[in-house]
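Following are the structures in question.
Paired with chain B in one complex and with chain C in the other, chain A is shared by the two complexes that follow.
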Partner chain A sequence: MSKNRCAIATHELTRRFGRKLALDRVSAHVPVGSIYGLMGPNGAGKTTFVRCLLNLINPTSGSATVLGHDVVRDSVAVRRRVGHVAALQPLWEWMTVREFASFMAGCYPRWNPETVSGILSRVGVEPHQRIQTLSRGQRTLASLAVAIGHEPELLLLDEALTGLDPISRREVLRNVIDVMHAEGRTVLITGQDIADMERICDHVGFLIRGQLFWESTLEELKARVKRLRVEHPDGAPAVPPGALRVERAARETQFTVSNFSPALVDSLSAPGLRVEVMDLGLEDIFVDLAQPQLNASGSAQVRA
Partner chain B sequence: MRALFTKEYRQSHLLVWMGLLLSALIAALYAVWSRKYVRAPVDQRDLDALCGYLLVVITGVMTLAASAGLFSSETGRGTLVYLLALPLSRSRIWLAKALAGLALVASGALLLIVPDALVIPGTVRELHLGLYLPDIVIWVLLGFSVTLFCSTLLQRTISVLLASAALLFALFLYVAWMVGILGVQITGYDDALDVALVVLAIVPPVLLASLLAFARGELLQSNRKWAFALPTLVGGIAVVSLVLLGAVRYTYRYQRARVERIEGVELAPRGAAVTFTSLGSPAPLERTSDHRWRRSTGASYRSRHLVVLDLKTGREAMVLPTTKMTALSPDGRYLAVLGGRFDGHSARSLRVWDLRGRRRVLRGAPRKLQQPSIGPLEWVSWSPEGEWLVLQTSSLDPRHGGGHESIVVMRPDGSQLAEIVLWEYPEPGIAPEEAVGIEDTRITSWGWAPGDSALYTLTLGGRLVRHKLADGKAETVWEPRAPSGTYQEGQQLWFSRLQVSPRGEFVALSVSLLASGESREAHRLVLLVPADGSRPFTIAQGTGAGLTAWSPDGRCLYLIGTRPFQIMRWRVGEAEATRVAAPANLEVRDRSVLPGGELLVWTAAAAYMVDGQGRFGPLPSPEIRSLPQHYRLVGIDSEGRALLSGRAGPPLLQAADLTTGRITKVYP
Partner chain C sequence: MRVLVRQHGGPGAAQWYSAMFTPIDPKSAVPIYLQIIEQIRRQVAAGVLAPGDQLPSVRELAQQLLINPNTAARVYRDLEREGLLETRRGQGTYVAARASALAESERKRLVAARLEEAAAEARAFGISHEAVLQLFRDILARRRPARKEER
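Then we have the complex of A and B:
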C-alpha cells in the first residue's frame, strides 16, 4: 500500500522497555478513511503502539509516519491533526467540562465548539459539571467530545470504548465514528470488544506479544480464515497446509485455516469424504488465530 | 502555551490567596501588638524583625509549594499523558509551566510582602529590602528551580519537597565549598566569588536538567529521565563553576594589573609578610549610605583588594576583596580576617587562613563569640609568638544605654576562649561619652609577656594585672597606693601605654597627670614596674616622655616625645633615662627599632638613627637618607631591611638595606 494513502504507516517499529520487547518490528498500514481495529490480548502492545504514534514514547528502532509526518521529527504536527482518547484517562478534576473544553480549545489552532457541545448534549454531559462529579463513562465521553473539537483527521481510540454502557457506546459509534468515517477521516480503535469492532471496522490488525501477525481488511480476513468441517467415515484426512487449529472427533475433523481457497477444498475432497466450509465470526477468528501464537514460545507472523 | 499558562496559574492560585491571608494575619498581629493592646514583653524592633523574617520564611515555603506540584502532580495523577498529547512541543509545555510557577511565586510574594511592608514600616528597614531584596530574589530562584527539577523527576509532592530540601542543602554546602575553599584554591582570592553569583550560576544547569528530563523523559515514569537529568545537573554545575572560576580569576587579574594606589601597609611583626590595600581605577559611581548611587567623589574605586605579600618570594600569598580588619601572625604564615562581605557594620565572622596552603584554620567565629552578650568584633591582633588571637569587641547598646567593651583572647583554632572586660557601662541611660571618668577600673592598655605566657592589663587607675591564660588565673602585679603627695588634691592620674620588655623583666607605664575637670595634660612620667611586683621606679618625667619602644634584646628603652621632638634612652641598670641630643624641630613621621637595638627615626625630610652609643645622626648613605621625602617607613623586614611605601605617584613598595644603601623593588 502506498504511504501516501496511509494515515498511519509504520516500518519495523520496535520498542523495548528494558528486557521486555513491547513492540517487535511492527509494520502496520492504516489506510486513509478507514476504521482500523487493532486487537490483541492484554499486554500485547496496543497502548505502546498508540503512544509511539503520538511520540509520547520514542521507538527503540524503526519508523512511523502519521498523516505523512514522521512521528519523531514532526510530532507537534502529528498531534495537531490527531485526536486521542484513552480509556480511564485521568483528567483535571478541578475543572468543569466547559473549562476543560476551553483549555483544549486554546491549545489547537482551530476549534469547533459546536461539535463539542453537540456531542456533549447528545451523551448527556452538562458543560457546567465538574469533572470530579462525572462517572467513569461520562469522563470518557467528555474526553471523546473534546478530542474531536479540533476536527482531527485521525482519531486514536485507545480502549476508549471500555467501560461505556451499551447506550453510550452506541451513541459514540453513531455520532463520532460513523460521522468521521462518512467524512473520510480515519479512526484507529484498539480494544478487546470484538463484537463492536466487527460491527464498525473495515480493517483489522492482530497484535500479540508485540508482533503484528495479521493485518488486512475485515472482508479479506473473513474470506481467508475459514473453518472446514470434514466428515470421514474411515480414516482422518491429512492436515492441510496453513491449518491453525485442528479438532478431531470420531468421524469428523474440523480445520481452521488462514489461507482458504477453493483449491484447498478440492485438495481435501476425496471419495467418502464430505467437506463443509463454515464462515467464522471475528471473535472466533481472533481466538483461532491468536491461540497458536500465545501457545508458541516464538511466533511466526501470518500476514495477509 | 497561553492556555497552559492560564491553566497552571488557575490550578494553584489558591496559594496566592493563602499568601495574602497570611500577610493580613501578620499585619493584624503586628497592629495589635504594636498598639500595645497586648502588654507583651517584646521590643518594637524585635517585633519588626520577627514579622520581616516571618514574611521571608513564608515566601520561601510558598516558593516550594508553588513549584513542587508543577510536574509531579501531573505524573502522579496521570494527566501528563493528556498534556503531552497536546500539539505543543515539550519544551513549550515545560516553559509554560515554569513561567506559571514563577508568576505564582512572584505574585504571592508581592501580595505577601508589599501590604506588610506598608503596614509595618520596620519590616522594610529590618529586612533592608533595598539591600537584600536581590539576594532574596536569587535564593527564591534557586529554591524554585531546584523544586521544579525534583518535580520533573518524582511523582509524589511530599517526595518532591523532601528531595528539594535535601538537594538545596547539598547545593548550599556546594556553594559554601566553592566560595570558601575551591574559589580560594583556584583563584587565590578569598571571598572572590559572590554567593549570589554562584547561586545564579547553579540555577541555569538545574533548569536545563529539568527541561531535558522533561523533554527526553517520555512519560517521566521510567529511569530514562534520570539518564538525562543527573549528568546534566552535575556536569552543568561543574562546567559553569569552572567557567565562573576562570572568569573571576581572569577578571581579578585584570583588575589587579591596574592598581592605582596602595594604602594601609602593615608589616607582620617579624617582617616576613606585608598586607596592604590596593586600589584600582576610580569608580564613576559610588553608593551612598542610604543605598543610592551618585557620581563618584574620587574616594571610590572599581576594585579594592587587601593583598598579602610574601616578602621572601615577592608573590601575592592571598588577596581579599573586602574585609573589615586583618592581622598577620608574627611569622607571617597565618592571616586572621575579621568581617566579611555581608557583615556590614557589625562583624561577627572570623576566619584564620594558613597562607601556605590557602587553607582555613578557623572557619568562623566560635559559638561563644556569637552570643549577644559579646558585641560585634572590631579589631584583631596576634600575640608576639602567635599563640593567641586577640579580638576587641564592643556591645554598647544605644537603645538601652549601658554595655561593655572587652577583649576576647583565644587560640587561633578558637579554643581556650576567655573574655576580659575593658570598659563597662552598666547603668542604662548613660551614654559612653558621659561615662568617661566615672570608673577608674577601666582597662586602658594591655600587652604580652614573652613567650605569650601571660597577658598584662592596665587600668586607668594604675592597677597592673597579669592574666595567665593557660590556667585562667589573674594576679595583680602592682597597683598604686593611696595618693601620697606626688600629685596634689583635685588632680587625677591616668595610667596608660603599657609596654612589656622583650625579656619580660619590666613593664613600662605612661602616667599622665590631669587637672581635675580638664582634659589637658599637666605632667607625664614613665614608670618601670618590675615583673616580680617589686617597687616601680620613674625613669623619665615631663611632657616629652611619650611613646616607648623596647630594643629587641630588652636592654634598652626609647622614649620618644613628638612635640617638641625629644628622644630619651634608658638602659638596664641605669636609674634614669638620658636624653639623646637631637634637634627639637624635627617632625617625626615613623620610627622603628632595628634588630641591633638602634632606633631609626623617619621624618618628613630625612632619615636619622640613634646608634648603640646613644648618638643621634643622619643615616650615612645619602640615597637612604633622602628616602623619607618620597617614602613612608612601614617597618623592618625579616632581613633587616627598611620596608618603604611610596607617598604619592604609582603604587610602589621598596626595601632599603640601611647599611649598603641598596634599594630593591618589592611590589609590584
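Then we have the complex of A and C:
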C-alpha cells in the first residue's frame, strides 16, 4: 500500500519500557477512508501504539507517519488534524462542560459548536454541568464531542467503547459513522468490543505481545480463517501443517486454518471422508489465532 | 432494526415509515453488505418494498443500521447495478420501476438458494437424486393446505 493512501503508516515501530517490549517492530497500514479495528488482549500494546502516533511517548526505534506527517518531527501538525479519545482519560474535573468545550475550541483554528452541542444534548448532558458530575458514558461522549469538534481527518478511539452502557455505545458508533461521512476520513478503534468492531470496521489488525501478527480487511480475514470439521468413520485424516486448535474425536476431527482455500478442502477430501467448512465470527477467529501466540514463547507469525 | 422508508401508503402524500429489517448478524461470514442486499431483495420480492418507495440516504442507512458508511454505499451501488434501485440525483435512492418485474425471478432465486443448500447436504450424505426428489414431494404434500376433494 502506498504511503499517501495510508492515514497511518508505521515502519518497524518499536517501544521498549525497561525490559518489556511494548511494541515490537510494528509495521501497520491504516488506509484512508477505513474504519480500522486494532484488537489484542490486555497489555498487547494497543494504547502504546496510539500514544506513539500522538507523540505522547517516543518510539525507541522505527518510524510512523500520520496523514503524511512524521509523528515525531511534525507532532503539532498531527495533533491539529487528529481527534483522540481514550478510556478514562483525565479531564478537568472542576470545569463545566461548556468551559471544557470552549477551552478545547481555542486550541484549533476550526471548530464546529453544533457538533459538540448536538452530541451533548443527545446524551442528556447540560452545558452547565461540571465534568465531575458526569457518568462514565457521558464523560466518554463529552471527550468524543470535543475530539471531533475540530472536524479531524483521523479519529483515534482508544478503548472508548469499553465499559459503556448500550445507549452511550450506540451514540459513540453513531458519531463514528457521522465522522466517516465526509470524504477521506479515517477512524482507528482499539479495544475488545468485538461485536461492535465486527459491525463497523472494514479493516482489522491483531496485536499480541507488541507484535502485529495479522492485518487485512475484515472480509479477507473471514475468508481465510475457517474452521474445518472432518467426519471420518474409517480412520482419521492428516491435519494440514499450521492447523490451529485441533480437536480430535473418535470419528471426527476439527481444526482452524488461517490460509483457507477451496483447494485445501479438495486436498483433504478422500473417499469416506466428509469435510464441512464452518465460518467463524471475529471473536472465535481472534481466540483461535491469539491463543497459540500467547502460549508460544517464540514469535512465530501465523500469517502464511 | 428499523430503516426509514418513504412509501405511498394510502391516500395523500408519501410518508416515511419505519420498515422492519431483521437484525444484522456481524458474526456471520456473509458480509454485512450482502446481508442487507438480501433483505432488500427479499422485501422487494415479497412486495413490502414497491417501485417508487424511497430509501434513506447512505449516511442515514449507516446510522439506522449502525454499520460502516462504506458498507451502506456498497449496498446501494450493487443494487443499482442490478436495476433494483435507482438514484435520482439530488433527490435520493428509490426502488426502481422495473423492480416488480424482477420480483418474480427474485422469489424463485431465493427458493433456489435454499434448495441448493439441501442438495449439497444430500450429496454429502450420498442420498440419490430420486430419494431427494421423493423427500421434497413428501414435504410439499404435507405442507399443502387440505382441500375438500382430497381424501
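The rule is short, and it goes like this: the second predicted complex is superposed on the first by the 294 of 304 C-alpha atoms of A that agree within 3 Å, B and C clash if a C-alpha of one lies under 4 Å from a C-alpha of the other, contacts with A are read in each partner's own complex, and residues count from 1 in each chain.
In this section, a contact is a pair of C-beta atoms (placed from the backbone, for glycine too) under 8 Å apart; a residue touches a chain by one contact, two chains touch by 3 or more.
This is a predicted model, so every value here is computed, not measured.
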Which superposed partner A:Glu198 touches (first chain B, second chain C, both, neither): second
Touched partner set for A:Trp92, first chain B, second chain C, both or neither: first
Partner chain(s) touched by A:Met180 [first = chain B, second = chain C, both, neither]: second
Partner chain in contact with A:Gly281 - chain B first, chain C second, else both or neither: second
In the complex, chain A residues that touch chain C: 33-35, 170, 173-174, 177-178, 180-181, 195, 198-202, 219, 222-223, 274, 276, 279-283
Residue ranges of chain A in contact with chain B within the complex: 17, 51, 54, 56-58, 75-77, 79-80, 84, 86, 89-94, 102-109
Residue ranges of chain C in contact with chain A within the complex: 24, 26-32, 59, 62-63, 66-71, 124
Of all residues in chain B, those that touch chain A in their complex: 2-4, 6-7, 11, 77-79, 81-82, 84-89, 218-219, 222
